[in-house]
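Let me begin by handing over the structure; questions about it come next.
Per-chain residue numbering starts at 1, and chain names A, B, C and D are given in the order in which the chains are listed.
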Amino acid sequence: MDLFDAFLSSGVRLTTPILLAALACLPTQWTKDLNIGLEGAMLFGAFGGVVFGLMFQSVALGIAATVIAGIISGLIFGYVITRLNVNVFVAGIALNIFAAAATVYLLRSFFGVKGTLSDPGIPSLPVYNIPFIKDIPVIGAIVSGHTILTYLSWVLVAVMVFAVRRTVLVRRLKAAGEHPAALAAAGGNVNRMRVWAQVWCFALCALAGAQLSVGQLTLFTEGMTNGLGFVALAAVIFCRGKVKWLAVMSVIFGLASAVAVQVNDAVVAPQFAQMLPYVIAFIGLIVLAKTSKDGGIRIATPTMEA
Amino acid sequence: MTIEKTLSGQHSLGPTAKPRKSSNRSALAKQLGRVAFILGAGLLMAVVLIQAQGYQAIPTILSGLEYAVGSPQSIARTLAWGLPLFVATMGVAIAYRSGMFNIGAEGQIYAGAMAAALVGAYIGPMFTGLHLLLCIAASAAIGALVAAGLGWLRAAWNVDEVLSTLLSNYIIILFCAYLVTAPLRDPSRQSGSTVPVHDTAMFSEILPKTQLTTAVFLVVVLCAVTWWISEKSVIGYKWRMTGESPDFAAAVGINVRRARIGSMALSGALCGIAGALLVTTSQGRFWTEIGTSIGWDAVLLAMIARARPVSAMIWVAVYCVMRSAARGIEQVSTVPSEISLILIAGIIIAASARAGIFAQLAKARNAYTRSRGKN
Amino acid sequence: MASSGSPTVREASAVSTATPQAADDFVLQLAGITKTFGPVVANHDVDFTLRRGEIHALVGENGAGKTTLMRILYGMYQPDAGSIRLGGREVTLKRPTDSIEHGIGMVHQHFMLVPGFTIAENVTLGSEPRKHGLFDNAAAKAALEEPMRKLGLSIDPDTITGTLNVATQQKLEIIKVLYRGANLIILDEPTAVLTPQETEELFELLKRLAAEGSSVIFISHKLREVFALADRITVLRNGETVETFEAADADPAMVVAAMTGRSDVNLGRVERDRPSDISAFTVEHLSTIKQGSDAALNAVSFQLRAGEVLGIAGVEGNGQASLAEALIGTRPLTAGQIRLGETQLESLSVNDRRAAGLSYVPEDRHLEGLPLNGTVAEGLAAGVLRRDTSPLGLGAAFTSKVRAWGTEMIRKYAIKTSGLDARNSTLSGGNQQKIVMARELEDEPECIILAQPTRGVDLGAIEFLYNQVAEATHRGCAVLLISADLDEILRLSDRVLVMFGGSIVAERSATATSREELGMYMMGIQQTEVSA
Amino acid sequence: GGQAPSSAGADSESLHVGIFVDNAFGDGDFFDQAAVAIDPLTDEQGAVVKTYEGQLQAQNFAPLLQDAADTNDIVFVLGFEAIDALVSVAERNEDTTFVFVDGIVDSPNVISAEFRTAEGCFMAGALAAVVNQANASTTAGFIGGVNAPVVENCETGFTSGVSNVDPAMQVQGQYVGSFTDPSKGREVAIGLMNKGAFSMFAYAGLSGAGAFDAAKSGENIAPIGIVADKSSLAPGLVPGSLTMRVDTVIESLTEKIVDKSTKKGDQLSYGFKEGGWEMIYSDELVTADQITQLDGLQEKLIAGEVKADGK
């Protein structure tokens, strides 16, 4: 495999968690409940992947259990932001802090370890090397040699593109965000839509986290999401609700991270290489605000009434 | 069905306001009730988490509190830990109050710490007060510059400040890390840090062995001034109105753009000063992780306090006690000190869900009485 | 814009399209409905009946509880007490779908259309046609054909709704109701955004539907419309039923008395002195670029004399909002001049324009008029601060000064509130508007811009506010009155300008024109040369 | 229910030892290796051991060190960031003996114990070169956590170790940029592999776990462990580890302090000779001949015949 192929392959791997998290977040943007707790949800997903994997001694069961836990969390989160009327921005920030602390707490309580949970018993997702294709330059690196979750993330992109065009559900999700009263008046259930969006978000974040902990690695470390959730958030914001652009942005961020990994400190200081995705996102944010007619996006921040 | 809620359009922190009681006493009672609920919820979570670790909850909490506030020394130590946090939280709160969600506090703290460390190390030595003044001024200036720049992007080009400040954290922190690992590194040190500041750029300790320095006076002054600007001054009125309703502010002739940039500048300046305090009260130099998570703490605390300066100060005090107690608990048990972060996240949810919880309870009670009535 | 035929004006003698029948012909009976929101009693023991084929008007002042009652009927709110009978059978309506199933349709006070959706998507929202579980766009379009034809609407169902004008959007709301096959149709203030001609067209349609057997509940603040359309009129006051009239036996004075509980409400022109001849405010060739849904200004010119009230009539979205914002300075100009007395305003900031003597009552008081979550004191403070503080604004007298002034304003404008620290959102619309008016009029401006000053304000408060405006003109203040309510314009103005598509298309003396004439200009059917 | 919290400062008869780390235990490396000393200290020397975590917050260091001074006779301090606080706290607490581990602190009140990083990493380099030669690879990989001096020192030692064994062999170095990002660490390892590296050495804390994980998942990598025996991270694939005996250093220093054979202000240095570093080789992956070759080199290093910094 030559270096360019290696770079592409690395880029695809680094794209997967970002893409999954971004796909997770997208419906919450439709319902105008943009969940900035992605980072925390992913961290729980990573933790769940390892813990459930160990518990069931099967990666498939482990991931299934993680996703179920994600769905339950989504229901709770949805309840909190709809029925209990907690601002989603506040809840998201609290979730991030909570996840960082709670995973450490649980790690200590249940496994008596700090920092890393690494165990030979942790199962991992297999990598599929597709015959013939794997030997084609460029294509091979992109298509072959990844985990099922990478392929699933791209299937989900296609599913979402289709769903946006054809399904009633996506229409109602969007209506719940754009004009909730209209949906309510038409007999739809706004809160249910808002909860569904969060359920989807947490389920996919569970996958994104699991991809990190049992897909790319077979261990869990504290704070192992390392800001990926925020990068995914940036991708969601740039795509302006469009799945195709979401995929494109995720790939750009994935490749930017791959560059950071490949570039040697003789070329540029590692800090600058690491900065790349954030700088791209920052510039993108400005360009987006300058070029869009309605002047950029606002995250649903809370009103600070007493 | 809660269509009522969704019909009101925006999803706000609490349900739309009810008529405010005119008497101050009932307002106070309501406020106290709120605090009691929140602290009760926090205490409940603490008991559960400690019990789950196999310890007796109450004695454990008490020994933690003993560590945090059991003696004048403990109180001084707890307070000393929180000094930068007080300033940073006030900074974040004043931006929130003006409708600017500055979650870039972390980055601005790093920038401020770097500025103070450089001024402290490369200028001087000189008269202590002056040297400290220079350090503080430099860090306030750099913090203000960063935040005002982001504020300008929002004011002029409508670049969402939540995301821009968030991303700025990473960029600033990485840039500072670059500076201390390459051009500004102290060659005698094995890790990335700047050379130490001169002694004249350090606050002196008031109570021995507590780390409580004369910086406490600066912090008191800063908090008081920030409170006054926010709540009492005309410029504070303009900023608050900009936060409350930018369209209203524009229509009555308040310069919304200036208010946004100005409040961000003050916010950034305070965060920068918080960074300076990290350098000038304890570490004496900048290193790659100097501000670890103080900015995020400030963001959370300002949010719990709903950006009200007085309540922000109270919450910071409560939080400092919690953190200190958690460190104390960690020394006498195996309960991880992360418990304080879990609690604070739980408390913020409890605080913002309080009204919703009571509404749900009332609804359940109504449904119950109605079903009883029918039978 | 399409217009149908030449509408004739009906006087207050309604044509009954259905003969009153026996009680068993009630399609709807509401009995003893009570609904509270916390301390607010929105409906108290309300009774209401509706006959088959009847058009029944529901009137009452703001906050009387009309919308609440209808939302209960539409399943959006649950009543605390009372019963709902449809066709004689008692029903529980837990959610809008329940009501929709019972053939109830509602056109809401505010548009319930998702701006980013196509027409087909919007109309079918909530009961989408499906094929294999997926949205069936073709079926949706087909189902729209019939109702669209009925309303004389011929646009591509794939058009994005947000790009349509308000009259078309209003029609879409009705198409939504028809699409669902409703035979009990509720319309909550449907004419607020329509021209007289469009209103007339809507009324023809409603009558046709009633004749075909549908029953209609019609909410309006405009008595003229009520008498033109309704068979019966029910009046609500403070959440209670006052009386139900047969339209044929009632007259407007009786209804107003029932609504307000007063018999001395003036519905005619507001008495004022004649304006002076001194030119006070001049606008020349004002132009802006298009922003949002409102039309861009296209070289608008006019002049106001001291003490004069100049009305700007027009269907909303034809540049009135742009005009108000351009004048006060929250919207940039591309060309033009604004002169107040001797001062050129066009390059000044909002604050400086205000300092020069311009005042502004914005159209949307919840967004621009007041800090809705702020206190009454904060809402009033802007006025006193403008006059009395240093530019840097660190003056310490802030609180005491504002409080003294605020207390004075509450007294002078009879603002009903629990005090200076009450939240603005807890005040009724009329009292909120009084805060805005107090703040702006106490500035003693040389010219004041009033944008929709009495929208959603009840009759009592309107009278009070009109008197304040009249008093200001006595002092020599020039008033630019921008309103979608032609009655308001005709009652208050000396001259009327009509705006269409961002330009001024007509100038008339208020006493020498009629609603119908203005209506023609508002629709852009006629155009005259206007001298600035 | 549950147990009561243990009260601080109980049992004043026995020896009290504190271990302070500037971040937190669980780094998988240095700090955890120090924690290994807790059991022997308790069992063999009858000491009461307490740990303190600075959580990388500057305001925590001095108060926690003060707490440690208040309760303990001897306090071991690990982590460069705490040096400033250590110096000032040690100055004010004459009764407590402070030991800084892994570096020299210029203070008359502190005992310093330094590990000669370059010397240890030299042997890791030598192992890497030997393993590479056996596998026909011409490149060795070095993964650093961040570009801090201590890591760069290690890279220097590693590079000279490699070229001492095989002057023609190349070293590819790459920094992860974080000590806590194993998934990036994995990508870096794979990146180095694609640049031709076979054996590689990760001085990168938790990020280094990524390299072992890559090997475990089938990438063609021979990761060399640092600080502790890391063979369990990729069973059967780790040719050896450079272990850093923080635990034995702590134990032996405790003994020395108790029997007063060392005193404040002393500066001790640890290398292979003093038992600070130790190489562990895998019997399966490294032949007896190779081990002999490496042991020989280690002897020369100890004797000063070869220099770890390549000079």
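Criterion: a residue touches a chain if its C-beta (ideal position, glycine included) is under 8 Å from a C-beta of that chain, and two chains touch if they have at least 3 such contacts.
Chains and their UniProt names: A, B = Simple sugar transport system permease protein; C = Simple sugar transport system ATP-binding protein.
These numbers come from a predicted model, not from an experiment.
Listing every chain that touches subunit A and subunit B alike gives C, D.
Distance between chain centres (mean CA atoms), subunit C to subunit D: 75 Å. We define each chain's centre as the mean of its Cα atoms; on that basis subunit A and subunit D are separated by 35 Å. Taking each chain's centre as the average of its CA atoms, subunit A and subunit C sit 45 Å apart. Residue numbers of subunit B whose C-beta contacts span two or more other chains: 3, 7, 17, 53, 177, 181-182. Chain contacts: subunit A has residues 114, 181, 184, 269, 271, 274, 303, 305 touching two or more partner chains. With touch defined as above, residues shared between interfaces to two or more other chains in subunit C number as follows: 76, 95, 373. The list of touching chain pairs reads A-B, A-C, A-D, B-C, B-D. Chain contact summary for the complex, subunit A toward subunit C: residues 166-168, 171-172, 174-175, 178-179, 181-189, 303, 305.
By the touch rule above, subunit B contacts subunit C in their complex via residues 1, 3-4, 7, 16-22, 229, 232-235, 237-238, 240-241, 244-245, 247-248, 250-255.
Put simply, subunit D touches subunit B in their complex at residues 1-8, 50, 52-53, 55-64, 66-67, 80-81, 83-85, 92, 102-103, 146-150, 153. Those residues of subunit B that touch subunit D in the complex are listed here as 50-51, 53-57, 59-60, 63, 77, 80-81, 83-84, 177, 181-182, 185, 187, 189-193, 196, 208-211, 278, 281-285, 287-290, 292-294, 327, 329-333, 337. Subunit D meets subunit A in the complex at residues 24-28, 32, 146-147, 172-178, 180-184, 186-188, 190-191, 194-195, 206, 209-210, 213, 216-218, 232-233, 235.
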